[in-house]
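As structure tokens, here come the structures.
What follows is chain A paired twice: with chain B in the first complex and chain C in the second.
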Partner chain A sequence: MSTVIEATGLTKNFGTFTAVDDVSFTIEENRIYGLLGRNGAGKTTIMQLLTGQDFASSGTVTVYGESPVENARVLSNVSFIKESQKYPDNVKAKHVLAAAPTFFGNWNAELADELLAAFRVPLDRDMKKLSRGQVSAVGVIVGLASRAPITFFDEPYLGLDAVARQLFYDKLLEDYAEHPRTVILSTHLIDEVSDLLEHVILIDEGRILIDTDADELRGSATTVVGRSADVATFVEGREVIHRDGIGGLSSVTVTGQLSSADRAAAVAANLELAPVSLQQLIVRLSSLETTSEGSKS
Partner chain B sequence: MDESRPIFQQIAEQIENDIIDGTTPEESQVPSTNEFAAFYRINPATAGKGVNLLVDEGILYKKRGIGMFVAEGSRERLVAKRREEFSTEYVQPLLAEAAKLGITIHQLADMITKGTRS
Partner chain C sequence: MTTITATPVLTPPPTITRVWNIVKLHLVNRQTYLGIPWIITGGAWAVSMAIALIIRSVASPDDVAKATEGMTNSWAVLSPLWYLCAVGVLAIAQSFPFALGFGVTRRDFYLGTSLMFLLSSVGNALLLSTLVEIERATNGWGIGGVMFDALFFQGQTWIANVFVFSVIQLAIFFIGACIATIYMRWRAMGMLIFWLVLALVLVGAVALITLTYSWPAVGGWFAAQGVVGGFAWGLIPVAVAAVTGFFILRRATPRN
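Entry: the complex of A and B
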């Protein structure tokens, strides 16, 4: 595995607001990353810094060992599909697809044609007359068919219906399997993509909360349900990230892998153990952080 | 996929199940990592990790340039392993639930006998 992107102490201020706060991480070649976090967490800003579309206030970014800013050698290997991509007036999908090969050396026209048919994008209509989902589909097609060694998808699914989103995930997986590349996918629809991700970076309020392999996160939190006293005994000494209760019943989410002895103890104490999905885990951790921030101020 | 356990373990278990029930006989080829990834809609690296787990245990072996195959004697070894786990995985939870409901061991044994007959 070789590192393709390295961010060190990366910080971006907009006036007094710190959008990205001293963030360091590496991106390894040919893996699929999930860049997750709430609205305004700093995901898009990070992607803009990684692709040289914005300047860091401090810290450094290297892509293939070089700064991406105004660097054609680096940027010709990068495809960045943005949720808010704007197109000039009178530009049609066919123009977008005709222009794309100029920017992407690995452009595959066959794949683009196949995707166009699958997503049912009208080629001959002005981009601004297309539906929100159709505009997103054009972005997805460009992102996949460019086969860029590093591909960023920043919430590429807006307006796409469930069928089209599944199509996107399936095509991404299919083409990635045959033509491995580095993919950084930013999304809110965590449940939909959690099985596709190899690595997860969770951003909250401009900082990294989690930077770990997706499979390690599975089973890293468990919800324990049962009689309050029994639950309290079981969770003693564990890190609690959420509590709920009704009547004499408690539901407490704890972190840490459970051993088979732990599970046996739970069964013996009449406790139910429920797995926590990646999406639930991230909701819990993100809201936890906000609460602790709030209590500080 | 079950959310509580790593996906690669579940892939390995699925392959094991197919070997145990004879879907994938010994010396036959198992699907490729990419085929598993597409079928289960998971990351190919994760699927590969599941396959490699079984290679490390000697359940699968690699034929260079062709793919992964089920090793001879795998079925017997897997059955032995699963039998060892049977008590903790199935019998203990059964006994716990029975105790909760006030079902005696005798009644339980009776139910099991009836269950096998029907």
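Entry: the complex of A and C
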């Protein structure tokens, strides 16, 4: 594996507010990363720092071993589609798509045409008159058709309906399979993209909570359901990240891989074991962090 | 942990191509720089000619001469300028965030935008100065109408007018763009401080000149420069705005 992006001690302050707090991670070439986290967690700021759109307060970012800031060698390999991308008032979708090939060396016109038809984007209307979803669709088309070696999607689905979102995920995976590239996708809709992601970086309040392989993460927690007493016995000594209960029944989520002996014990005790979806796991871990932060202060 | 650093897949085109790509980006909708300024000029011309015709159809020859004289004070010839000022501001306020989304560096964007301003200013100046000549040669489009051969363009040579038109447009573009870079970098607070400081400087200059009874001297100095000389001095603030804008934008970030 070779590293495309390396962030070391990356920090970004806005006045007294620390949006990104001493973050270090690496991004490997030709994998799909999920940059997950709540609103205001610092996802967009991190992406802006990685693409040289913003300047770090301290720490370093290297892309292909160089700083991305004002660096055409790096930036000509980067496509950054953000939810908040502004388009000039005098620009129509056809102008955006006419301009894009100039800036992306791997631009594929066939793919762009195919996506245009699939997303039903009106070409001859001002960008500012398009619906939120149509503006997002233009961004998605540019992001996919640019086939940039490093592609950032910052919540690119805003306003897209379920059909269009699925289309985006399908096309991304399809094109990625044929033309591998490094993709960093930030999103709230974790369940929708969970099959897409190969690696997960979870951010909360500017810090990294999780930086791990997606497959590893998927098997890293289990929900145990059954009679409260049996459940309590089973989870003893394990790390509990969530508890729920009604009457004599409880449902407890524990972390850690379960051995086959564990599973056999669970069956013997009449307990049901359910896998935890990536989204549930992340919600649990994020809220755990919030509550422990709260109790500390 | 030993890591191998990946190598870039794509090589960027040379600087000149990248800068020219920004010109192409500004021209992706041709209306902005090529269409609308000339639609405005054409509209102003049509109105000016209509007024000339109306006057000629009712007034005595003596009054027509006076009216023609009066039309040389019309600012119709500069009518696209207000639009071009907005274009200069929006080139930064809107096209800059757009271009950054395409992986353009601030440096390339600014150089390309400056080249666009220069090409637009000189191109328009060549055409406008030629229209001054045509208006003179046809005695006011055959009806004694005046629009282009007006203001300080009267009695100047074609090349002098090309220069003056260019300076005016460059000033409009670069000063507008420079103010927009202040906004792009420091937002509302930057604007507030800029306008306050500018107002203080202007009031201070007026106060200084007034209190030292220097207005006649200032007026005399400008008169001594002549039209071309006066506008040549105008290149200084244009250059200051252009260079300042570059350095402000180099550290600016488009925000949501």
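Following the convention adopted for this analysis, the second predicted complex is superposed on the first by the 297 of 297 C-alpha atoms of A that agree within 3 Å, B and C clash if a C-alpha of one lies under 4 Å from a C-alpha of the other, contacts with A are read in each partner's own complex, and residues count from 1 in each chain.
We take it that contacts are C-beta pairs under 8 Å (C-beta built on N, C-alpha and C of every residue); 3 or more make two chains touch, one makes a residue touch a chain.
Nothing here was measured: the structure is a model prediction, and the numbers come from that model.
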Query - Partner chain(s) touched by A:N106 [first = chain B, second = chain C, both, neither] - result: second
Report task. Have a look at where A:A93 lands relative to chain B and chain C in the superposition and call it first, second, both or neither. Result -> neither
**Report entry** chain A: partner with more touched residues, chain B or chain C
**Finding:** C
Report task. Quick one: classify A:V254 as touching chain B (first), chain C (second), both or neither. Result -> neither
Requested in this report: For A:A72, decide between first (touching chain B), second (touching chain C), both and neither.
Outcome: second
Requested in this report: Pick one for A:L36: touches chain B only (first), chain C only (second), both, or neither.
Outcome: neither
Query raised in the report: Is A:R218 contacted by the first partner chain B, the second partner chain C, both or neither?
Result: first
Query - chain B versus chain C as contact partner of A:L197, first or second or both or neither - result: first
Requested in this report: Would you tell me the residues on chain A in contact with chain B in one complex that are also in contact with chain C in the other?
Outcome: none
Query raised in the report: Okay, in this complex, where on chain B does chain A touch?
Result: 1-8, 33-34, 37-38, 40-46, 49, 88, 92-93, 96, 100
Report task. Mind listing the chain A positions that touch chain B in their complex? Result -> 31-32, 169-170, 173-174, 176-178, 195-198, 214-216, 218-219, 222, 260, 264, 267-268, 270, 273, 275-278
**Report entry** Parts of chain A lying in touch with chain C, wherever the complex brings them together
**Finding:** 1-4, 6, 26, 29, 44, 48, 51-55, 62, 64-65, 70-82, 84-92, 95, 98-100, 102-106, 148-149
Report summary line: Interface with chain A, chain C side, in the complex: residues 3-13, 15, 18, 21, 24-25, 28-29, 31-32, 90, 94-95, 97-98, 100-108, 250-251, 253-254, 256
